[in-house]
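Common to both upcoming complexes is chain A, partnered first by chain B, then by chain C.
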Partner chain A sequence: MEVRSQIAMVFHLDKCIGCHTCSIACKNIWTDRKGTEYMWWNNVETKPGTGFPTQWENQDKYNGGWVRTEGGDLRLKSTDKARVVTNIFHHPHQPSLDDYYEPWTYDYQHLFNAPEGQDQPTAIPISLVTGEYLDIKAGPNWDDDLSGSTVYAENDPNLAGLSDEQKGQLSAIERLVFFYFPRICNHCLNPACVAACPSGALYKRGEDGIVLLDQTRCRGWRSCIAACPYKKVYYNWSTGKSEKCILCFPRLETGQAPACFHSCVGRIRYLGVLLYDASRLEEAARSDTEDLVEAQRSLILDPNDPAVVEAALASGVHESVIASAQKSPVYKFVKIWKLALPPHIEYRTMPMLFYVPPMAPVMAQRSGGRGGTVDGVSGDLFHDIEDARVPMKFLANLFGAGNEGPVRYALRKQKAVRWYRRMLTVGDVDAATAERMLREADCTPEEADAIYQLTSLCTFDDRFVIPPMHREEAIAMLEDPMEHKQGAGFGFISRPKRGE
Partner chain B sequence: MSSAALDLLLFAVLPYVAMVVFFLATVGRYWNRPFSYSSYSSQFLENRFHFWAVVPFHYGILTVFAGHLVAFLVPRSILAWNAQPVRLYILEASALAAGLLALVGLVGIIIRRSSEPKVRVVTSRMDWTVYALLLLQVTTGVLVAIFHPWGASWFAAVASPYLWSLLTFSPDLAFIAGMPWLVKLHMGGAFALFAVFPFSRLVHILVVPNPYLWRRPQVVRWYRPRPARHGV
Partner chain C sequence: MNAPFGRWWASALAVALALALATPGAARAQDATAYFKQNCVSCHTIGGGRLTGPDLKDVTARRDHAWLLRYMPNPKALIDAGDPTAVQLFQEARGVLMPSLPGMTPAMVDAIISLIEAESKLEKSQFVGVQISDRPFTPQDIERGRAIMRGDIAQLAGGPPCLSCHTVRGVGALGGGRLGPDLTKVYERLQGRKALSVWLSAPATSTMQSVFRDTPLDADEILPVVAYLEEAARQGGEDSGFGRVTFLLLGLGGAVVLLAGMDGAWRRRFRAVRGPLVEDAGFGRAHARGGDR
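Now for the complex of A and B:
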């Protein structure tokens, strides 16, 4: 057993209100520089929708992630050792700016300088790339809230395998549904971007699993952008280097939550340490598609198991990190309660960002129960979940690699907790029904209380259990502290700019 | 300036100046500004024309460069190979084809760089200098191949000894004196390219990804010393 620690995340989609505060917090700190204007390390998508970049989930188009060969081996869909040579001049799977959008600002000076005339002067959009007037074709969140759209929602790759009736119920007039899907880098256990980088610039930090990109080693070969199935590595067209979400590691190292987590209005985000068995990683990533969710879960170790603690210490995991893992909200959501699921694990990168699938909207497809909501109850108690307006198959395509089992389990448990709470607070549900629901949803009153606590009453410190990073023990600290005196800091001797 | 003095300047002084600049500035840049080593790809800004320009150029220029390198390193083997006319014809024809491929690609690159507004934004003055020098170099190369044929043999017989004389710090201009002006232009251009190399995007040639071919797929960096039995 080779125990490693990983900073992992949970996003509770039922709590996301789609306000984009996370995106703005990130943008203001990290991507307001030239060449990064179009990047959204954190973005919030409307589902069903085409996402950002357009149709990123369509791997027939983008060729991201891993595929399993006939022989059971894993290989990258976009590159390998031979193709890295032939793809180096022109990467055939690289998205272009048109797949994202051309960033722009407005010619505000025109409001002041326009000659006197019959019409009110306007601020005309100008491209942030060329500086010329721009006819805007797309922008960030261009399909925001556009469920039911024939241009966007109907082209969601997750609609694959849904019947026409199911597709229709998603976009029925006056009954259409959507939910929000906030995304950042998943800081995967088996990152495709790292495996694809010809220069070895991308790496996973051993101590906390954050995936970073070494700017001085990146040569702009662009393989990472094609290889990441989540399209969360971006190309800076000005500096000629790739950039990605750094999980705000300078904030984490000083005990602060990442900016997008900290600013989250709906308090949907959780962060904590998971201990996992790195020696079984490859075996798990090779599992059959329908077993992947369970295989990934099986990698996550119980931080309270003395054998695991002993192995973790032997593997060099700091005891304070183990203590942090024992309080991790992510461990509870993912491993104990099995409420949180990885996005598109069929890409086999083993993402470390998990989502609690949404029950919202609570409206059911058919009327019945209590006014046609998934909160209704009937003889078999849970039938309304099957009748939810967001078809189970759609959620399964997103969070279960097409397998409805784990999604159904998570939704049933959520519903049972709601009914249990309703019994306690409103009192219009009898105790026998509530307890039967808990039992059928593989839940107990104690667990339901804990889920309720961490979902609804969670404080800042409940949501973000940040381990001590122990930078004081870093190898860099063993070097002469005066070495970098009078330097420009962060490895740059001169100001970084596009070189010649 | 007399022809002999010009020869002295271009073929006895310029080569050394170029090589000193090349080595010092390349290492200095790598040392001081590692961030500036990149391919500076513009594929992200324009994806279609890019393929038809960049791919033929690179395959063409790499083939031609490899040919020059081999003729420089092992001139005797080349001469032996060329002893049979058929083999010489094959070598000449493929060299010319590769040269034309590079020329077509380069012209494509220059058209793309000047006609695509977004790509023009990321094209620096130094980029244009490099394209001008490369255009001169590839054009003269193709013209030499057409008007002064059998270069596969005379390069090994005349140019290689001259280059080796440079390498041993005893430049022998006797090899140069009789060369046609087209060939002289091509050689002078080559030295100029070496001098410009470290200040341009050409440095990406030096950072081609060789470790990828044998490294393990995943890369992990540790910030703390690790217990001995745990490697990467």
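Now for the complex of A and C:
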């Protein structure tokens, strides 16, 4: 057992209102510079939809992530040692600017400078890349709220395996259904971007697992951009280097939540430390596709287990980090309650951002023969989950590598907690039904209370359990802390003649 | 105890004496011989007749010792100063200037003069020059020489073909290398068969020396090469530069063909995702119209 610590995240999709405040918070802090205008380290997508860049989940086009060979080994889909050389000047699988969008601003001066005429002057869009007037063809959230679009929503790769009837229900006029899918870098345990970099510029920080890109070592080969299946590394055309989400590590190191977490209006974001067994990582990443969710979960260790604590201390994890892991909300969501699931674990990068799959719309189950679209009460409540307006298969493609089991489990438990809370607060559900539902959902009243507490009444400190980062220990491994001893203090701009 | 010490002392003294007496003289003679072999024999013989430079047999009798001491380290200085003997020698060599050689110190000049004196007295000096058969050249010689020049026939010692660095008029469509001088007229420049043969057996420039030091031309290879160069000089004309243009055009043409081939082989390298998606949904035309605006 080789214990390492990882800052992990949970996004509760049932709480996301799609306001994009997270995206704006991130943009204002990190990507408001020349060359970064088109980057959205944090973006919010509408599902069904094609996301940003367009159809990023279509790995037939983008070749991201890992694939398992016949022999059971993992290899990058986008590159290998030979292809690093042949593709070194042009990587055919990376998104083009058109697949992102050409960033623009507006020529506001035109409102004031336009010559007098018959029409009201307008602020004409102007490209932030070329500086020319621009005919806008796409944007970073171009299909925002556009479920039912025959261009975008219909081409969501997660619709694979759905029946035509199910697809029709998703996009029926006036009965559209969609949910929001906010995304940042997953800070994966088995990051494809790190593996693909020919310059060794990408690395996973040892003490907290944040994946960073060293701007001095990056040579702009862009292998990471093709390799990352989530398309969360971006190329800065101005500096010639790539950039990515840094999980606001300067904020984390000073005990603050990352900007997108901090600003989240729906309070959907949770952050905390997980302890995991790095020695079993490769084995887990090589599991069969249907076992991947469980295999990744099995890597996460119980921070209260004395054996784990001992091994963690032996591996150099600080005891304050272990104490933080014991309070981690992420550990509860992912490991204890099994409510949160990794996105597209079939890419085998072992993402460390987990999603609680959405129940919404809560009262709008399809009601078999009764004609209506809204029908809150039915004989068999769990049956409604099977008939949810967002088909199970669609969610399974997103969060279960096509496997419906873990998604069904998470939805049933969420549903049971709701009915249990309804029994307590509204009282129109009898206690026997609520308790039967809890039992069938593998839940207890105590657990239901805890889930309710962390979902609905959570404070800042409940959601963000930020460990002390102990940068001093990490730095001491790389540099001699005594290096500047007796060397610091006053200096001279020009030395005095005497006293030399 | 006394006896062994005495014996040791005596033998040490003997060795020291032998070193003190023998070393300087012997070393100087050896140095001069090696130096002469390396630097002089490509233009001079001792008793072997004139090459580019005069036969040095009995030169000490012909020239004043003091004059030799001034001339040998820096011939150009004397010619520039208008010394009649030096100017005459320069003209006899048909304008080939004797170079100022590094290492030609006054001590070395003395040693070389002694060496020439000693060798002149011998029946047959070791510096009589390479004895190349003076039978007339046959067309076979010329053909073989051409093949050796071009590298069609590998040299016995494995040296590089002349064409890697030199060109001769008419040697091939692209001409030869451009690193060394054009060899079309070298037969005339070096004044004929004997001088050229000696040059080829012991090249005098440092570039040629470094290339051919370990892989000298065989005596059997020198004759055909000289035959070919004689033929080339007789045909006359310098390299026209035609090869240079052809080479450039071929390079450009090759680059175009290569780029076109790569463009064909990787024609799927621009794979857009969003564009085709929109077009396939039937919005392509509307977008095209938008783009025209």
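We take it that the second predicted complex is superposed on the first by the 457 of 500 C-alpha atoms of A that agree within 3 Å, B and C clash if a C-alpha of one lies under 4 Å from a C-alpha of the other, contacts with A are read in each partner's own complex, and residues count from 1 in each chain.
Quick note on the criterion: contacts are C-beta pairs under 8 Å (C-beta built on N, C-alpha and C of every residue); 3 or more make two chains touch, one makes a residue touch a chain.
Predicted model, so just to flag it, every value in this text is computed and none were measured.
When both complexes are superposed on chain A, chain B and chain C occupy overlapping space and clash. Residue contacts after overlaying the shared chain place A:Tyr235 against chain B, while chain C stays out of touching range.
When the two complexes are overlaid on their common chain A, residue A:Arg471 makes contact with chain B while staying clear of chain C.
Of the two partner chains, neither chain B nor chain C is touched by A:Asn113. Within the superposed three-chain model, A:Ser96 lies in touch with chain B and with chain C [touch as defined at top].
By the touch criterion defined above, A:Asn58 lies against chain C but remains apart from chain B after alignment on the C-alpha atoms of chain A.
By the touch criterion stated above, A:Thr459 is placed in contact with neither chain B nor chain C.
One of chain B and chain C touches more residues of chain A, and that partner is B.
When the two complexes are laid over each other on chain A, chain A has residues 90, 95-96, 98 in contact with both chain B and chain C. Residues of chain A that touch chain B in their complex: 2, 81, 84, 88-91, 94-98, 127, 129-132, 190-191, 194-195, 197-200, 202-207, 215-222, 235, 237-241, 314-316, 318, 470-471, 473-476, 478, 492-494, 496, 498-500. The residues of chain A lying in touch with chain C in their complex are 50, 53-55, 58, 61-62, 90, 92-93, 95-96, 98-99, 135, 137-138, 150-152, 154-155. Put simply, chain B touches chain A in their complex at residues 32-47, 50-51, 54-55, 58-59, 117-118, 120-122, 124, 126-127, 199-201, 204, 207-209, 211-213, 215, 217-227, 230. Residues 266, 268-275, 277-278, 281-283, 287, 290-291, 293 of chain C are the ones that touch chain A when the two sit in their complex.
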